[in-house]
Amino acid sequence: MNIIESFKSLWTETGLAGFLAAGGWGNLVMIFVGLVLIWLAIKKGFEPLLLIPIGFGGILANIPFAGIAHEGGFLYIIYHMGIASGLFPLLIFLGVGAMTDFGPLIANPKTALLGAAAQLGIFATLIGALLLSKYVPAIGFDIKDAASIGIIGGADGPTAIFLASKLSPDLLGSIAVAAYSYMALVPIIQPPIMRLLTTPEERAIEMKQLRHVSKAEKIVFPIMVLVLCILLLPSATPLIGMLMFGNLLKECGVVDRLSNTAQNELINIVTILLGLAVGSKLAAEKFLTLETLGIVLLGLGAFCIGTAGGVLLAKLMNKLCKDQINPLIGSAGVSAVPMAARVSNKVGLESNPHNFLLMHAMGPNVAGVLGSAVAAGVLLALCR
Amino acid sequence: MNIIESFKSLWTETGLAGFLAAGGWGNLVMIFVGLVLIWLAIKKGFEPLLLIPIGFGGILANIPFAGIAHEGGFLYIIYHMGIASGLFPLLIFLGVGAMTDFGPLIANPKTALLGAAAQLGIFATLIGALLLSKYVPAIGFDIKDAASIGIIGGADGPTAIFLASKLSPDLLGSIAVAAYSYMALVPIIQPPIMRLLTTPEERAIEMKQLRHVSKAEKIVFPIMVLVLCILLLPSATPLIGMLMFGNLLKECGVVDRLSNTAQNELINIVTILLGLAVGSKLAAEKFLTLETLGIVLLGLGAFCIGTAGGVLLAKLMNKLCKDQINPLIGSAGVSAVPMAARVSNKVGLESNPHNFLLMHAMGPNVAGVLGSAVAAGVLLALCR
Amino acid sequence: MNIIESFKSLWTETGLAGFLAAGGWGNLVMIFVGLVLIWLAIKKGFEPLLLIPIGFGGILANIPFAGIAHEGGFLYIIYHMGIASGLFPLLIFLGVGAMTDFGPLIANPKTALLGAAAQLGIFATLIGALLLSKYVPAIGFDIKDAASIGIIGGADGPTAIFLASKLSPDLLGSIAVAAYSYMALVPIIQPPIMRLLTTPEERAIEMKQLRHVSKAEKIVFPIMVLVLCILLLPSATPLIGMLMFGNLLKECGVVDRLSNTAQNELINIVTILLGLAVGSKLAAEKFLTLETLGIVLLGLGAFCIGTAGGVLLAKLMNKLCKDQINPLIGSAGVSAVPMAARVSNKVGLESNPHNFLLMHAMGPNVAGVLGSAVAAGVLLALCR
Amino acid sequence: MAEGFVLMVVGMSVVFAFLGLLVGAMNLCATFFIRFAHWFPEAPAKAAQPAQKTDDCTAIAVAIAAIKARIG
Amino acid sequence: MAEGFVLMVVGMSVVFAFLGLLVGAMNLCATFFIRFAHWFPEAPAKAAQPAQKTDDCTAIAVAIAAIKARIG
Amino acid sequence: MAEGFVLMVVGMSVVFAFLGLLVGAMNLCATFFIRFAHWFPEAPAKAAQPAQKTDDCTAIAVAIAAIKARIG
């Protein structure tokens, strides 16, 4: 060991040398992508709780020679401990369940169907991904990849991460980034579609006050959903089960200390680790491809089609039932809780400044979470 | 892949199909058992912090085709990470230690003997389990199983889970359920035994005010207990060590942030995961056997004998010492902190409405925790 | 199994028997060492957050026959999960980053150089360790051991643990104990050196008020440091990256729930587990050697040389620049945040009772954390 | 491609079946809970609390007694 | 031994290079942020908040409306 | 069966031995701490705090000085 050699050896392992080496530009670009995600999160308010950790994880994973996302690196360890195993998304779902009030859905059950219709985006996008693979030579999504891309349309982060980590772990980074980015863009993506598909009269429809939901009903609800899921679709029970477990902790009223921890410290710790680990999947060779562009475009399509599906079913239901629904709440069926429900409320106020749709939109909004978990269950059962 | 086949394939993997298949009824019954545990926890107040997660874990573990408790499933992973390794019960003990005030025991040392006598239930039940195996053909407990069943009489959840996970993991589910259920039933099980074994005069004995215990004594206490345990019984030091570590964090007064985290967020997170993982051991083929009925009966016996042991030793001590003890505090020696001490207080008030035994009963109550950890150490050392 | 034999078997596994067996005195001495660490922590206020868990871990690891730190024991599991993998020190760094305000450094950038000079202690001690190995026959540190011992001079716990666990896991226990002990002794070690190397006039120098640092600068700072580290020294990016990630969570202002969890519950949980796991490396056969004495002496030297390095560079800078620096803040460059900065302030007040150096000393103080992480990166890159 | 259409038909059917059945179940449940509302006085989870409350009162009484004893 | 001196020279050089460059970067950064301070009105992270604030106001308004509706 | 009785005898002996010795140790300890109570003024853990308190006072003083400097 002498001084010159030591400096040389350090120099060959600097990031500068790494970026100048063959393929190093890819890492540089990915670090820039990570910085952009962080900038979007901080300055533009794009889902900062997730995109800051994901962006930072992406930067760390692309540092030349550090091997943070390779075997033995700490992001590799976190990824395998928490995401490959499915634990982190399920623990996030536990916390989400403990934070969610299903009251608005229980008070107006039929809005659950809007949350079903909005899942159309998932399956349409799946077909789109297969079409793209067929007609664009540089893109080669198989059925598992297509399913993982489709789930972006579920507008639900943990579901997307859970499914993609099982079916297409290599695409996990881009899928999660697309899902969270579009969830942040919901206030921009949805309103034009909502206005296009509805008349001003429809947008002004006032809905009748939601009934009061008793404590007992709220306790029975998570059990009921779980039982239904067990009977119909066991492959969705990890997701639905943890969501309902969290909700039961919240509603039962006798384990508030567990419920509070699930919706605060536990979900925060897991969010930090999950974000970093998801970011560690932003590897240059996987991300800087035409396929990522395909995922971005398909993801946008997924959100648009899901929005349209929800709105159109609401209009159809108005044709069939006498109890009128404001079709603007249909768009909330994509989930993206609570952003999409707020969008419904805001667009509704434009047409009728006394028409507060927020609580009405929360019904399809939370139903959308169930809907996309069910869709994920179907995809897990049939695409594995 | 065509539509009909896909529906068929989904149908063959529904819970409905699973329950109708050979052996499926067992899962159905276990799900019902899980629901009953949740109902007992919510409506009847049976140790909800543990029985809700355990019940939910039992439901999830019995969903056909979901494989949540099988290799690769998330409850399997949690179980192996936290229970097979012994970590979760030890972390719970850390939190319990940080929540426990040993002051009442230090103020009246000889009540520690009551906490020893009440461990009689553990060993009597162990013998009972062996007897049952000998005379009932359908029941075949070996010495390890018998030891794990006996520990139910320790009336201490983490100790029971720690021991059973080492000696008889297959019985862990039923043992934990029995232990927590009987702990919840202490106000019903103990009073008749206490009244039967004492005279009204004994029950009215007033005890002299506990002396003040200085901070220094409270700091020295956990160290002293640990040193004693090291000298006498190393096999009990994981349990006793973590309990005393938690207590030292609490009493030393210079690491309050660690103590607070240990007794709040950490214990809550671990409780959620431990409960689910324990529930994952409620497998139909292990639970729906005559052996479980045996465990339930033996567990009840364990609580009764432990209660009697504590009360009778108190009466004996009154014969030998001039400083009189109200024998009602003997029953608190089974642990079940703080329920058993409350029961002593309540029964005492019936005989003498000015006789508050709560603080006096806390001495044997916390000594009982030490006693059952010591008993677990002996069983670990001799039955492995 | 009969009674006599059982008692005999228990007796052969008591701690008493263990201590009396060959080599058992070592465990006894180590338990005493653990008790001394706990006493220093509680009574003398020596870094209690770390030394209580480390001391307790040391006791648990040295219990004969319990095997708590051997394969299958719970401290072994915690060690491998959290320290061998590097996770725990990195998570601590995340929390430290979320607690650190780099404002004083940003307001007076050139004080960063003091944080560089104070790292002289690391490398001088490394040379000292090699010298000792050469001239003392009973001591045989290789280059990895020497690097791990040198890092004590970084006066930064997580960095020392991270580096030592990678290069010399067998010395981890003594290195961590030395590092934290000397950090606690900073108020005793540093002042004589500071007074020796400075004149009363120098000690009385008043520094001009620090400028206000805007929010935007504080957000850009962690990104800037990370980018620099990526370009120059990828091997330091796990440490620097997590520190800066934590700091970004704090400063960006949009993810306060993550920042709060990182600097409270998460760091507390990890501190408890990390301390116990570090303590589990206090094995008698490794600790009760002349090498440990060497480490203790070298560690003291490291702190002294680092202190001198910082003070002397400050004096040199005063020769070269017109903007005068009080050389007392140079000693804060060793890190030991915030103790060393408080020492600068206190010694400064002795010479000039109106001269508050605390905020000025925070600059080199936090720069010292960066400096020792960089030094660790160099050692990792060249000594592996 | 064909697979995609199969998945869409099957997937949307299952999603609608699930949420449709859930609508039915919620309606049944609502009927039940409105019909038998008197069985479930609001805050049913509090059932277990009165017992505790008495205990806590006792605890307070004990504490007061203890303080009195120590002072007196 | 020689290794130790090599490590000291290399190590201290890298530490000084790193923190020296950081000093330069901080000075540049300070110049930039002081020169263009008007681009960064204090509390820049609040940019995203007004939107939320309106939403929250809406939420409160909704809640009030809901309460009125339930009472009236 | 016989094993069970062996375990009961051995187990209960150890439990009583452990808690019995603990009684002895607690009594010794109590004698010691009552005899030498003056060595342990209540709140002994506070020993380390005065130092910190001064430091905190210093910190406050510094802060006040800083504010004054910035205002003035």
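Note that the chains take the letters A, B, C, D, E and F in the order they are written out, and that residue 1 is the start of every chain.
Quick note on the criterion: contacts are C-beta pairs under 8 Å (C-beta built on N, C-alpha and C of every residue); 3 or more make two chains touch, one makes a residue touch a chain.
Computed from a predicted structure; not experimentally measured.
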Touching both chain E and chain F: give me those chains, sorted by label. C
Report, in whole Å, the distance between the mean C-alpha point of chain C and the mean C-alpha point of chain E. 27
How far is the middle of chain A from the middle of chain C, if each middle is the mean of its Cα atoms, in Å? 40
Quick one: report the Å distance separating chain A from chain F, using the average Cα coordinate of each chain. 49
Chain A: which residues touch two or more other chains? 1, 6, 10, 42, 45, 219, 232-233, 252-254, 265, 378, 382
Name the residues of chain E that each touch 2 or more other chains. 3, 7, 10, 14, 44-45, 48
So which chains actually touch one another? I want all the pairs, not just one. A-B, A-C, A-D, A-E, B-C, B-D, B-F, C-E, C-F
With touch defined as at the start, can you tell me which chain A residues reach chain C in the complex? 1, 6, 9-10, 13-16, 18, 31, 35, 38, 41-42, 45, 48-49, 52-53, 56, 59-60, 63-66, 68, 73-74, 77-78, 264-265, 268-269, 271-272, 276
Interface residues, chain F side, partner chain C - complex: 2-3, 6-7, 9-10, 13-14, 44-45, 47-49, 51-52, 55, 58-59, 61-62, 65-66, 69-70
For the complex, give me every residue of chain A touching chain B. 85-87, 90, 94, 219, 223, 226, 230-235, 237-238, 241, 245, 248-249, 252-255, 257-258, 260-262, 265-266, 378, 381-382
Which residues of chain C touch chain E once you look at their complex with the stated criterion? 105-106, 109-110, 112-113, 115-117, 119-120, 122-124, 126-127, 129-131, 134, 143, 146-147, 214-217, 219-221, 224-225, 228-229, 232-233, 252-254, 367, 370-371, 374-375, 377-379, 382-383
Show me the residue ranges of chain B that touch chain D in the complex, using the header's touch definition. 1-3, 6-7, 10, 42-45, 187, 209, 212, 342, 345-346, 349, 354, 356, 358-359
